[in-house]
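Order as written gives the chain letters A, B, C, D, E and F; numbering starts at 1 within each chain.
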Amino acid sequence: MTDLILSLEITALGMGLVFGAILLLWLMMVLLTTLTADKSPAPTSPEPDSVSETGFKAQAATLAVAIALAEQGQSTAHPLPEPPTAIVSAWQLGMRTSQRAQKGNFRSR
Amino acid sequence: MTDLILSLEITALGMGLVFGAILLLWLMMVLLTTLTADKSPAPTSPEPDSVSETGFKAQAATLAVAIALAEQGQSTAHPLPEPPTAIVSAWQLGMRTSQRAQKGNFRSR
Amino acid sequence: MTDLILSLEITALGMGLVFGAILLLWLMMVLLTTLTADKSPAPTSPEPDSVSETGFKAQAATLAVAIALAEQGQSTAHPLPEPPTAIVSAWQLGMRTSQRAQKGNFRSR
Amino acid sequence: MDLSSLLPELLKGFTHFTIGNAVMISAALVLIYLAVFKEIEPVLLLPIGFGCLLANIPLSGMTAVEGMMGVLYDAGIKTELFPLLIFVGVGAMIDFSPLLAQPRMVLLGAAGQFGIFGTLILAVLLGFPLNQAASIGVIGAIDGPTSIFVATKLAPELLAPIAVAAYSYMSLIPIIQPPIMRLLTTKKERLIRMEYAPKPISKTTLIFFPIVLTIVVGLLVPEATPLISMLMLGNLLKMSGVVDRLSKAAENEIINIATLFLGLAIGATMNAAAFLNFDTGKIMILGLFAFVLDTVAGLLFGKLMCAVTGGKINPLIGAAGISAFPMAGRIAAKMAQEEDPDNFILMHAMGANTAGQLGSVIAGGILLSVVSKMLGI
Amino acid sequence: MDLSSLLPELLKGFTHFTIGNAVMISAALVLIYLAVFKEIEPVLLLPIGFGCLLANIPLSGMTAVEGMMGVLYDAGIKTELFPLLIFVGVGAMIDFSPLLAQPRMVLLGAAGQFGIFGTLILAVLLGFPLNQAASIGVIGAIDGPTSIFVATKLAPELLAPIAVAAYSYMSLIPIIQPPIMRLLTTKKERLIRMEYAPKPISKTTLIFFPIVLTIVVGLLVPEATPLISMLMLGNLLKMSGVVDRLSKAAENEIINIATLFLGLAIGATMNAAAFLNFDTGKIMILGLFAFVLDTVAGLLFGKLMCAVTGGKINPLIGAAGISAFPMAGRIAAKMAQEEDPDNFILMHAMGANTAGQLGSVIAGGILLSVVSKMLGI
Amino acid sequence: MDLSSLLPELLKGFTHFTIGNAVMISAALVLIYLAVFKEIEPVLLLPIGFGCLLANIPLSGMTAVEGMMGVLYDAGIKTELFPLLIFVGVGAMIDFSPLLAQPRMVLLGAAGQFGIFGTLILAVLLGFPLNQAASIGVIGAIDGPTSIFVATKLAPELLAPIAVAAYSYMSLIPIIQPPIMRLLTTKKERLIRMEYAPKPISKTTLIFFPIVLTIVVGLLVPEATPLISMLMLGNLLKMSGVVDRLSKAAENEIINIATLFLGLAIGATMNAAAFLNFDTGKIMILGLFAFVLDTVAGLLFGKLMCAVTGGKINPLIGAAGISAFPMAGRIAAKMAQEEDPDNFILMHAMGANTAGQLGSVIAGGILLSVVSKMLGI
């Protein structure tokens, strides 16, 4: 019995806290998107016209095709363009540097 | 001395058990291949004629070439066709979905 | 005070040992490169002339381009030619072997 | 050596085999069947099923403390390392831009957690002590790692049935949700189209989001920090775009290895002697109830939002607020398209779905906090 | 600070260096030479050789309990995690269809285990106690992980020489087997051609096989469960075709890392003080004997099958039943082709070879079971 | 349940939050900012920053012994596994041929270690006990794994500030070094061109080098064995060309996972209570001093070599002898090209740079040896 009352209290408190926390998150998200929005205006985009012509429906259709393909399991492992990482490849650069040198120089003599 | 007798006993018992277990495996394999055989008849295969013409010897030759290549170390890392995995890529789908949306929509405005 | 004297002693001793060890390394490297040098004379190289004509400066320029590219993050993950590994692919060979056999034979019937 | 004394030794595998073991091996075969032939969450159900099979082969020693499954359990479940590492990988696969573009969607991520508490109450009524009832409730988070994380803290003795229920039902979402959706929404509601003209989300926002969220949630619900921070770490690795090496490791090597080992170790706890009892059956039923309740609560809240906004919200996206990323989002979008092939609500459903993922972790942390406090753990 | 008191400190590396260390470092260099310049099992001999080198540099602290090699040993050898993880990867690389298409080939996998027991008897005659003799015998399983697994249980003090013998000889198979094959078979026997018209093997069969085999072997020989189940888990991951992520992780990340660490940790047990003794020499000779005996037994059984079937079995494939997948299968096929370039017995040899892999694990488990029982371990 | 008694529970995250936590979270954000937006060593600074952030969220339990960060710390830092595994990967990425082609460059690798000892003296003057002063000095090795390795042995209580200083300054090399280079060299010196006609380096040499170096350094400085041997193991895996699987695992999976976990675990030691004190500030300043001193010593030694060789050595390459591979080598070459776009000294600078890597490890081992002996540790 005590446990039942406790569990009801937990429910009330818990859902209250969940909604409270989520509301704070909402506020945070609004603030964040506002504060960190791109200052650069929209026209900088390279292909704004074609997009606004074809419109949202076309994009959604593209999306639907992508989903259908994925559901058929024809997905490739890394469809996303890989962002360039300059510093990460520092070690590889060192490797490549000396390798090139070795090939073009040490060995060719 | 006791150890020698013991070891002889182990050998008799051990090899007996090995053969016993292997015989049971044989039985299991026969049952399994019978019970789980494809119900679909052979003719469903797309290229049965060419195979039966060229015959077993040709296939074995192909195999031998493959081995020779592998021994020369010219193997690629994943020569086998990769089976499609629908559910596995669920997460990737989610990623791709939103990424496409973002590119085609959020950014282009 | 004692610690200061100690630390000065450590410095003298430490740098002495570092230089000592490095001098031994130098000796080791000279010996090693002499003992393990390729016996085959230089002319075996396939393109010795073109290299000596274009000379060191050209190679260095190539190198600089490689660095510049890498700094722009346009590096691919594995720019180096992958050395062939014969035995490593033994397992894969076994896999491929049986897979081929299966495709060319079991299934085609 | 006396051969007659060796006979029991030779047959020990069979003489120690119980009916319970047979039942559990059958269950294991069902899990493997679902994984392989029905392709239901195979990356999890296949290892769980195989682990369950191993746990019911007598005298193999694999589930002993020094056996392989025992070693994996101690290394990754007891320390909670595996679910947290999986979250790093999941985080690297989630994109929060649909949610950031429509922040109000986050409310649906709160509504989709009613199932947790509803199930908790029901579990108490069925006689479970509070710590166990709370752990069972978290099946309603509809999020595997969160369920495992909370159960490990509050009721490790129930870890196996809870994990199995969470993952099995999660994979049954395409079967569980659609009938409820049809039942609770009118055709007119399902036909509602939603504008999608969100404000652009900058790369800066996407980078700041995981950092700020970690701090905010960490301060609000310290118990949720491990889960939310690892999810956000993965997301930050991906979104920053400067640590390609690490984000690839997170979404490949780390998550794959952690998933395989977690599945095996969870499955290996499903020994007949420990698993086959009345409680397990009750947990399975309660888990199903939790899923239904979550979906109902989400849909009803969707209807409320529809009413409040004057019919601008399609209530179907409410069902996507339950977590279970990204299946739930996809199903909501599919249902809308079934009524009207030109109705695309996928972006909204994905917003609600990522919100559900956040809500599940937060609710799990809150439950952990409140129950720990009450029980003085 | 007195410089003269520092001199011993500065030269301690040299003053603690023994002739034994020099011998073992030479052995390490030989292993590395074989790996790098002769390409003999380099993925194993290179790490083993390097580990051996490290173990014989005095005072490095690497092989202490808290040193890196000690940590790896405790994490993966003492727990048997590394050999088992390697088996998951090997399983993902094996295809059992040649064996399933010709089930009688499985008998050759039994015959190829005589070497285990013959070596055991000889080891007892040479004065080894039973637990050590059995561990030495398992070198005759001609299967690295099985040897390590059994030795860790029965005689961990002999782990280093046993592992080194198993892997070194395994890589010398192309040198050891052919002369024996020529000696024991007639030219006429080697010319025998074999029909290959197997029944088709369905995908369903390939998926059920690892599951059923795990259960059957698990019940028959509980001690073999860890090894056989991990081999079959890898195979199931691959054959199911639905968990590409996991099967790729098994045959790449997991097996690579486990192999590197296992090699280093095994090699690091080859400290001169522990390794350089008469027993090690005896084990090396016994190991070679085990390999020869296995090959002989396999060939003789092949001849028996040839006689029984009225000359339809080429006895050469008997030599492929020793395990050592896939080298042994290849060599048998090669020998047949040397006599007659048109004679292709590769598929049969591969069937026998995979049978040998299964037989080795089963025999290892049986030996473990019988000896443990007798010694009351 | 008394709601008022729950309020402190609900706000505990905030009530336990200290100004120190706020300061440290700000520091974490700076590290993440540098990593993400300035791309300064992001693979390290991003995890370190995120770990620092987590360590300053009160009551999350993540840095407790049984929390995730505690588990990672015990598994990889206390055992020194992570820095050593990182070295295996780094070794697989280094090519020693520029150094082997010009062996005298190795001297610059010795000169670039003066900073270690200069900083040690200064740290003693500032009141640090000898073990701490030595650990701080090793920041002057300008090599992350070496700094962590030595600090873990001599002064684990200072690990966090030392690691942070080492990695932060290492990433600031493009900012720290150029002004010093301009200050200490004349334009005429920077214009010196260097002949590059090295003798050819055979594959055999490249394979023997890591093996022989391990033995030689191991015998000379046993304390440096773990670091040097793992660096050389990685190099051998790569150069041997026969274990492609393992060398790829080393330079991908192993180094990526170890780097991520090391960064998180190091960052997680930066709790305000432990980190925010006067000593940390002093260490940060001493670390910067060490970097400057190293560069100065390298340049001066370069000038000495220039004088001795009659102006055939460009002193700029002296600055590349500090370790910090490959950034330092690149910067030296860049400075020369700024003066004269046709002046290419990259190969010489890379030779000095790899020498600096070796010198740093050796100096770290020597310091460990000498200080341990003196303190009787």
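The working rule: a residue touches a chain if its C-beta (ideal position, glycine included) is under 8 Å from a C-beta of that chain, and two chains touch if they have at least 3 such contacts.
The structure presented is a predicted model; accordingly, all values stated were derived computationally and were not measured.
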Fill in the blank from the handout: Maximum distance between Cα centroids and chain C occurs for chain D
Exercise for the section: Tell me, please, which chain's centre (mean of its C-alpha atoms) is farthest from the centre of chain E? Expected result: A
Completion exercise
Taking each chain's centre as the mean of its CA atoms, chain A sits from chain C at a distance in Å of 36
Problem - Intercentroid distance (Cα basis), chain F paired with chain D, Å - result: 41
Practice task
Determine the centre-to-centre distance between chain B and chain F, using the mean Cα coordinates as centres, and give it in whole Å.
Solution key: 46
Fill in the blank from the handout: The distance between the C-alpha centres of chain C and chain F, rounded to whole Å, is 21
Completion exercise
Check: chain D positions touching at least 2 other chains come out as 1, 6, 39, 42-43, 101, 196, 199-201, 220-221, 242-243, 245, 253, 330, 346-347, 370, 374
Problem - Numbers and ranges of chain C residues touching at least 2 other chains - result: 6, 13, 17, 42, 56, 63, 67, 84-88, 92-93, 95, 97, 99, 101, 105, 107, 109
Problem - Residues of chain C touching chain F in the complex - result: 3-4, 6-8, 10-11, 13-15, 17-19, 21-26, 28-30, 32-33, 36-38, 42, 56-57, 60-61, 63-64, 67, 82-88
Completion exercise
Interface with chain A, chain D side, in the complex: residues 99-101, 103-104, 106-107, 109-110, 113-114, 116-118, 120-121, 124-125, 129-130, 133-134, 196-197, 199-202, 204-205, 208-209, 212-213, 216-217, 220-221, 241-245, 330, 337, 342, 344, 346-347, 355, 358-359, 362-363, 366-367, 370-371, 374
Practice task
Spell out the residues on chain F that touch chain D in their complex, using ranges where they run on.
Solution key: 1, 6, 9, 12-14, 17, 25, 29, 32, 35-36, 39, 42-43, 46-47, 50, 53-54, 57-62, 66-68, 71, 252-253, 256-257, 259-260, 264
Completion exercise
Listed in rising order, chain D residues that touch chain F in their complex are 79-81, 84, 207, 211, 214-215, 218-223, 225-226, 229-230, 233, 236-237, 240, 242-243, 245-246, 248-250, 253-254, 369-370, 373-374
